[in-house]
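Pasting the structures here.
Shared between the two complexes below is chain A, which has chain B as its partner in the first and chain C in the second.
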Partner chain A sequence: MPAAAAAYERIVYRNPSEHHYMKVHLEFQDHGIGLNAAQFKQLLISALKDLFGEVDAALPLDILTYEEKTLSAILRICSSGLVKLWSSLTLLGSYKGKKCAFRVIQVSPFLLALSGNSRELVLN
Partner chain B sequence: MVRFKHRYLLCEVVSDDPRCRLSLEDRVLGGLVRDTIARVHGTFGAAACSIGFAVRYLNAYTGIVLLRCRKEFYRLVWSALPFITYLENKGHHYPCFLNTLHVGGTIRTCQKFLIQYNRRQLLILLQNCTDEGEREAIQKSVTRSCLLEESSAGEELSDSGGEEAAEAME
Partner chain C sequence: MDSGPYYFVKDLPLHELIAHEFISTFVKKGKLILSLDKDTYEETGLQGRPSQYSGRKTMKFIVSVDLMDLSSKLDSKKYKRISWAFKEKKPLKFDFLLAWHQTGAEGSTMMSYFSNYRIQERQPKIALSTVTDLPCPVLRSGELRGEPEASCSAQELFEWLGAVFSNAELNNEPDNFISTYCCPQPSTVVAKAYLCTITGFILPEKIRLLLEQLCRYFDEPKLAPWVALSVQGFADSPVSWRENEHGFRTGGEHLYNFVVFSNRDYWLHLAVGAGDDCPP
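Entry: the complex of A and B
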């Protein structure tokens, strides 16, 4: 007796994740400048608004973690806005007249990947 | 093959105030659209749209404006038009909005659309007008535009008829 025809369903994910996660670090030229989380988010949104206007300043951007001492944060942005956010972070030059720069440490479509960074691995 | 392609946006300036259309000027409107694009799409949008941007045609009586922009960025310009809420000229401030009627690849297609649109607007005006003198004037314009339409269609028919007659003779 012939076996029943196998029914199968093939699902192809072209982009597995609809959000991208970035680990960034804000560096100032002078030391001793602090920002709280609200000011940090205001800085990100004003960078987006400068370069891409009000439409892209309204992109759904979230700060998942923020450390005030080291000024480093993990951001979440929808995948279509990743290029815009990254380019506006690159072109941000100053905050309230003081020179600063964003260092992007890691970018990944999966949040779990940001927990371990093979660049910071110390091999003995 | 290798040329810069443009998109022409045919828009109508709609306003409550009748003086708003009369104070339309191409430089004022061009500056207003550029400022709005800079506000809505930032430095990137302003730079991308201002390369091929121009106000090609402006009719102060009907409020029709033809804007030109590059084909790659016409969507940025188009999406910034609803954010224009006022027209500022020589110290006078008029609230208005831009209604996009047609997007075409060449000025000729926009012109063809504009002719048909104006014909339809004349008929609508005829229905809505109350004054007898106005009604006669509009009826005269409608009959003249119909005659023009028939004559241009008739020329095309006679051309094709001439070609068929020439083939039959041979």
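Entry: the complex of A and C
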């Protein structure tokens, strides 16, 4: 039986991602403060609630990875909620009375893009 | 597999890259492309064009210098002007990563050429890991968009690959407080999966060799249904594919991903961020 002729299909998507992904790091002014994954998620929800209210606090938000030692996480948010989440993180100033700030390391509509960061390439 | 050394040079003045000796030793064909902010561009006095992704007020300019054209006309006004711009008007120095596709065996030429500058040879870092009992999406090579109950789409695979390389949990329940992400359905559980990450400044020729080796994996029958190779560019690079301009909006992603199936069919994802044109 003759082999099937090679077929080629190209699909172009514009803005296809339902979700955006953020690599973030929580930094405290004083050291020695720890949060587990549930407390971290609660902190994000309360940041959204403080700025945008109850409805946006219920935006579908996932913590895909969380490292308690370094307080860094990869978050997944629906694309329509990215700006709200990012601005809530920017304006969050404290946790239980302790001063802190979120550092946003990388943002992308593709999770695979977060598995490497050329800005973190150590050369010196 | 040898992914080749690359070289790191600190504070290399730009005029070295337009020197005739440099071009005749190392450059077969090529352009020097600079992405400059408005002030630097005006200070160099070179001719360029505004960046495509600058917005209403142009803040970024692209200068492109054809090196082969330049080195063949060393007496021309153009060469004199560019040389003057880089040596006297606005001497620019940068840290450079250099990689060189050597057809001969001499790697020491680059080290000796730049011995006046602090040049160091580096090897790409290779990290290997094994994952056991990995939930893996079921794919059919002829169905890019997936088929309900039968196979997953290319987009779902792309997200899943990101989750695997980020070590995300793939088995969350829908009512989990922390994360609801789970492997796209339909899925199977793979007993063992091998992951390899190579980090550094890697030449396209090396990547092509790696891809060829991966394709040869299926020369003999294997249990694995497919293998994947994913390549990411530098976020701050001024170019992406060919000489397309690459911008950094909220992220500087430009990456491609090959999925090679056991029947030699393949999928190729090309993904760019908001500051880029559609890939070729």
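As a working rule, the second predicted complex is superposed on the first by the 110 of 124 C-alpha atoms of A that agree within 3 Å, B and C clash if a C-alpha of one lies under 4 Å from a C-alpha of the other, contacts with A are read in each partner's own complex, and residues count from 1 in each chain.
By our rule, a contact is a pair of C-beta atoms (placed from the backbone, for glycine too) under 8 Å apart; a residue touches a chain by one contact, two chains touch by 3 or more.
Predicted, not measured: the structure shown is a model, and the values here were computed from it.
With both complexes brought onto chain A, simultaneous placement of chain B and chain C is permitted, the two fitting side by side without a clash. The partner that reaches more residues of chain A, of the two candidates chain B and chain C, is C. Once the two complexes are laid over each other on the shared chain, residue contacts for A:56 go to chain B alone; chain C is not touched.
Look at A:76: by the touch rule set out above, it reaches chain C but stays clear of chain B.
Within the superposed three-chain model, A:112 lies in touch with chain C and out of touch with chain B [touch as defined at top].
Between chain B and chain C in the chain A overlay, the least Cα distance found is 22 Å. Shared interface residues of chain A (contacting chain B in one complex, chain C in the other): none.
The touching residues of chain C, when paired with chain A in their complex, are 8, 95, 97, 122, 144-145, 155, 158-159, 161-163, 165-169, 172, 177-181, 197, 199-200, 230, 232-236, 250-253, 255, 257, 271, 273, 278. Taken in their complex, chain A has these residues touching chain B: 48-56. Partner chain C is touched in their complex by these residues of chain A: 9, 11-13, 16, 19, 21, 37-38, 41, 60, 62-66, 74, 76, 106-119, 121, 123.
Considering their complex, residues 38-45, 79 of chain B touch chain A.
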